[in-house]
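Structures are listed in the sections that come next.
Next, two complexes with chain A in common: one pairs it with chain B, the other with chain C.
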Partner chain A sequence: MSHLSSGRLNVHHMKELAKHELLECLDKCVGSKAIVWDHELVPILGLVADYLVLKEHQVIQMFELRPGRLPAMTAKHVIYLTRTKLSLMDTIGDNMLNEDKKMVSNKEFHIIFVPRRSILCERKLQVLGVYGNFSTISEYGVELLALDSDVLSMEWDNSFTEIYIDNDYTALFHSAKALMTLQTLYGVIPNVFGLGKSAKVVFDLMSKMRKELSSTEPQITPQIDELLLIDRSVDLLTPLMTQTTYEGLLDEIFGISHTTIKVPPEKFVHQNSSTDGQSCDETVEAPTEAKQFHLNSSEELFVKLRDISYKSIGPTLRTSAKTLSQQFDERHTAKTVREIRQFVDKLPALQTARKSQSNHTSLAELIKEVTDEESFYETIHTEQSFVNCEDTDKSNPYIEDCIARVDPLVKILRLICIQCFTNNGLKSKVLEFYKREVLQTYGYQHVLTFNNLEKVGLIRISGGYSHRVYNVLRKTLRLTVRDINEVNPTDIAYVHSGYAPLSVRLAQYLDHPGWRAITDVLKTLPEPTIEETQEIAAGLRKRRNSGASIQTGLLDDQKLIVVFFLGGCTYTEISGLRFLSQKEGFNADFVIVTTNIINGKTFLQSLSGQSLN
Partner chain B sequence: MTTYRISNDVDEDYWTQTKAYRFDFDDQTLVESSSVVGSESSEATIDEVLGLSGSASSGARVAQSLDEGLAESVVSAQIDECLQHMKSQETSVGSKRSPQHVINSLSKGIDIDLHEYKGKEDKLELLDTALHTNEGNAIISVVLHLKRTTKDSIFNYELSRRSLAADHYLFYLRQNKRMTELVDTLSMLGRHEEAAITAYSQAIACRDIDTKVHNLKSCLRNHFTSGGNDCIFWNNYISEQISLLELQLPIESDDRRQEREGHNQLFTQTQRTPLIDLPVLSTLYYCCLFHYCLSENHLASPKAICKAFYLSDQQFVWTALSALAQTRQWLQIDTLFEYKSWLGNKRLKCCIGFDKVVLLLHRNGAPLEVLNKYLQTIDNLDTKFNLAKEMKHLELAIDQEIGKN
Partner chain C sequence: WLSRSLNAQNLTQKQSYLQSAYDSYKKARNEFNSSIIDENLRLIKYQIKLEEKFHRQYLNLSLHQTIKQLIIDKEYKLSEELKKEFKVGDRRYWWLKMTILAEMSEFLELEKF
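For the complex of A and B:
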């Protein structure tokens, strides 16, 4: 996974740290081990260590946590790796109670809670009567997982719902801890900016933690210049908009979970048979299982594709196909043995590149099927008219049509919420109309859905005084850009085909001309705004080349800004930040840290608490 | 004081060894226990047994006595000594651990018995310290301790003054699915809307329909008739939901009987899905499929449903159209749109626009004459042409073009 070292910040260190801690936890039990995994943790910990590494530490068997009896195991230690969910405690209790008495005496049982021990869970185990069976109970506190060289995530699902609907700030506590780990590895971040309530909570927690650890702080020059904490509630609009970048669309259509994506396999069969040169008569059995891919920057083609708009996927693939075939054709021009040898050395790389090309071509075809549909066009068109403040105060005919057609409810809720946001609340007549239609078409249980959306502020009745707030925001920060060129974009608004994510714009304005220029606008956003500095020893402060002028733009002069999204971020926001850092005249690089990655569907699904189909 | 002799042979070795032994009651032997790991867990076990929060020294002493032998009376003597030591520690105020220390331990997940915090002020001080750290584990431990050891009225009062503690307690109740307590606590805290919504979510989670209806009714009575504008707003919808369920029950049982008997052709032709718990419009669709011709007096008549749930004309026409198209009853569709003009002629009119009608019929495979009939009623020539093109009826399209020119 060397691609993790390729960014400005070597996040490979984080992965190594996490791996080291996991192995330390496991090594506490001496002897052969069998691990019983909580199903959800498998992909997450897959980002930290793979089976080979575990095997080196005497892990001989691995099982999934399931109710009923434990399968037969020969290992001396049985280690449960689980999250602190009470339902999982029930399953563990079930396992233990069904265990054969004789088996128990040969083995030792342990629990490792991820990320922390929980008194509630331990009490539950006591109530179930199995607490005494466990020899050790420990915790494995992995805070941040390196999804890519510039993206770190806590993979904390439902973080926004927990913070704003359940009022549970545990995710924020862990965010602060994650920041402390980050600062231990890369130095104390001197300048902190933030927006929103969660940002303030995290900053206060971080300051408190720093005070407690003041004597043991590592004395290293900070690699990170600024930290920007963004509370999701500051920008609720961006997750609702349809994402139109390659990675964004993959997430919207198929769902990318922990950098893995599962797609229907039909399109991928033909590629295999043709490259193997098998005859067409031979029938290849259609695979029934979904095909799975890892999507990260170790794939060169994916790096080129991930952040571009869906309109430029075709041209990019064509160019890369041409380059690839040119490279393959080199074998014809190779005359000397040395040239042939050079070609043969390049062969494995070329073959992986070819596989990558065919995979992404198929993925692009799958995306095209969706983006060619009339409904996709209509949805984008409706969203664009809303964010441009056109016709936002009446009930929208396209939304009505979708309800009449019984389209998936999540799509309708997204559009209603966007309209509500851009109109600064809807008139009670319009809102009642929407509610009525939805309840009658999808069932009365969505009273609960609406209640949650109102609690968070996604749906509200317009108050008279604030009726033009969004429009002011839009004009001052240039949130919408007419006639955006998606193929050769000049502005981040291409990620949503004409709407620039508010959060990314705020990051852009922070660098230049600074937030002082937009204080009026900032006041309309959810309070508070933070601009603080953290004390570090004078000798450690980064010395900037006083002689060199800004125009030469030496790489070392590029600021490194960590943007921390509290409550989730979308792939388009990541793409937007990457685009910004490559833009001319913008001299900062970004590392994105987030509680989790979200899209409109997962965001609303988690808020509503019910199935939205 | 007699020493309990296990066996003479192992006497000497036994008393001079420091290995930990465990008596296995099944086999009646001493088994070397490798699972007594360190003093921490034995301290924990002793704590639970003795019900005291052990300080390090006495804990170690007891652990040592474990090492040296399971002699019953030896242990009991040690326990007596411990008890006395503990009691003496208890009464001296100075040795009570500071709230901060306790909170730190709780945050790390170490379960500590909070019994030494007896007075109300002490407990509240502990609670406030916990709240200050914003630490979930600590806060909920202290809150639960408070709940166990104080009078309800005092607990409620203090909780209502600390919203963060209240939030944590409510979250705990929700996680443990103690819903009645949750609703009561919410009402006590004055959060009537949340209580109403929680009660409602509980009510709709019932599988059995009769219990569901009963729960919904009591929920409506208790929570939604008063308690804020939002509650009153949802009041209507919940009453509708109850009426809908009460309507669906008899229709479902009757239809199921008819389906079994097999007399009614409609049920044999079309697949019937259970009606219970379907939304209003789906119910309307169902009744249009199977009970279209019933008079308005009948429970299952589509018209009656529209009236009962205030459905609009458009909703009725669109749903009826979809149902009739699916069962290919083209003639019935005519009657949807027909009306007599003042001259006595039969005319066609549709509130949702004939372009949508034509598309829907086309998707359901309607014959050409039917499509044509409705296509002709569209005034706008461009729409007519586009529709004809979309439906790939080239002759129609060409006719329109000629007609235009």
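For the complex of A and C:
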């Protein structure tokens, strides 16, 4: 996992801390252990520790949490690792009640709640009559998981829905907690900026927590210069737009969860039998099983590919294939023993490089199948005309056709929401027309979907105070860029083929020329705006070009900004921020923190609460 | 909140839930939603009639799917009737009818348009 420590901020500490805490929880019970997993936690905690580490701590068996009897166990302790969900408590209760009395008596049962124990869940266990069976109940408060060297996520699904539909601020509380952890590791962040209601909530919580700590504050030179809290409701448009970066498209098409992607295996099996003559035996798998990949920056090729537009995937793959085969050809030119030895030393690295080359080529082929379809082009085209404010005030023929064709409802809702946003609300006639069409085609139960979308403001009737907001935003923040060069991008707008994510643009303006210059625009966004400083003991203040520069070397002029998305962020936003920090004349690096990673599909899916297929 | 009971299992129960949802939307002056729910109620009544007539499952289908099924069963008149009753847009209706007819290679019927 060395790739985690390669970024500006050594995220590896974060992971080590999480691992350490997990093991501490486990070590409380002495002797052999069996873990019963809540299955959604498996991939999440997979980011923290692998099986080998657990084995060292005397974990001998692992099971998935299922109703009914527990499988036979030899371990002395049985540990439930579970999220705080009432339905899961039922399952646990079911487990316990089906267990023999004898069995129960010679084992010890424990529950570890992730991330926090809740009275409600404990009460539920009491009601079920199994509370007394557990000898300890504890919590494992993991907050931030390192997805990559510059991306930290709480992996908290549906956070936006919880905050805005259910008015449940738990996610915000944990965000504040997470920031406190971040500050204990990397020092207090001097400047805080924020946009939106939840940003304010989080900042207030943070300040409160800080007061409680006051005397025990860690004495570390701050490594992070600025914190930017962005409430998802400030920028609802970006997640709806189709992502056109490599990683974004992979997420749109197959879904990336916890840095792992599952793709249909046909392509890969087929390709193994017919590759370029050389043996490629290691990846043959049963064709029924979906193929899994881990996507992170430890893979050199993926680092190159992840943030680029789909239009330049082909050329990039071609050049990397060329250099690769050149390197392989070196063995023919190697004459002396020494040269041959050098080549052999490189061999393992070359082989992994070749494997990743072939994997990504297949993935790119899969993507190309989708992007070559006419409907993909038309969708992008329609989105682009919307964000450029063309014909947004009447009902759109492409949307009508999509409904008539009974395309996936998510796609239609996305387009309607984009149109609604860019037109600053739709006329009630247009909106009712859309609604009626959708309800008649997909069923009346989606009245509720529309209700939720209205509740968060994704769909609304035009008029009132908010008119023309989008047009102002578009002009002053240059959200749309004409004739964008997607192969050699010059602006972040390439990530959506011509539309620049509002949230990223705001981050860009924060650095230069500063938010003071765009106060008019900020006023049109959901209030409030925060601009605060957190006081730090004078001795700890970071001096430019001094102490810190020894560690960070040449990069010391670059500010380090943490951008925290409350309610989720997309891969394109991450790509956009990465692009900014590499851009000439822009002197800041970003670390992205988010409650979870979203795309249009998962975003609307969680808002609707129903299946949208 | 009454419309949450949309996923009630029992049919009569479902209808009564919908009725009360309709009433409360009416009270709240949310005309659009009340008209939508009214439509839904009427659709269910239609579907019950259709089920009696053809002994085939129609309930729980959306309006679109209902019309589709009718065209597949060659009940063109009935599908026209539904179209009128629920004011389905021409564009959508033709699209639907054409694709299905083409799929079933009912070219004679297609030419009649």
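Assume the second predicted complex is superposed on the first by the 583 of 613 C-alpha atoms of A that agree within 3 Å, B and C clash if a C-alpha of one lies under 4 Å from a C-alpha of the other, contacts with A are read in each partner's own complex, and residues count from 1 in each chain.
Here, a contact is a pair of C-beta atoms (placed from the backbone, for glycine too) under 8 Å apart; a residue touches a chain by one contact, two chains touch by 3 or more.
Here the structure is a predicted model, which is why all the values come from computation and not from measurement.
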So, after the overlay on chain A, do chain B and chain C clash or fit? They clash
| said: Output check: A:Glu139 vs chain B and chain C. Expected answer is one of first, second, both, neither. What do you get? | reply: first
Open item on the list: Just checking: does A:Phe63 make contact with chain B only, chain C only, both, or neither of them? Give me first, second, both or neither.
Closed with: neither
Chosen between chain B and chain C, the partner touching more chain A residues is B
Quick check on the superposed pair: does A:Glu108 touch chain B, chain C, both, or neither? Answer first, second, both or neither.
first
Now for A:Arg116: first (chain B), second (chain C), both, or neither, which partner does it touch? first
Q. Looking at the overlay, does A:Val447 come into contact with chain B only (first), chain C only (second), both, or neither?
A. both
Next item on the list: Examine A:Tyr169 and indicate which partner it touches, taking first as chain B and second as chain C; both and neither are also allowed.
Entry: first
So the chain A residues that chain B and chain C both touch are 404, 406, 439-445, 447-448
Within the complex, chain A is touched by chain B residues 34-35, 37, 41, 106, 108-109, 111, 134-137, 140-141, 167-168, 171-172, 174-176, 193, 197, 200-201, 204, 230, 234, 237-238, 240-241, 244, 277-282, 309, 311, 315, 318
As the complex stands, chain C meets chain A at residues 3-4, 6-7, 32-33, 36-37, 39-40, 43, 62-64, 86-89, 91-92, 95-96
Interface with chain C, chain A side, in the complex: residues 400-401, 403-406, 432, 435-437, 439-445, 447-448
Seen from chain A, its contact residues with chain B in the complex are 86, 108, 113, 116-120, 122-123, 135-136, 139, 166-170, 173, 201, 205, 404, 406, 439-445, 447-448, 451, 454
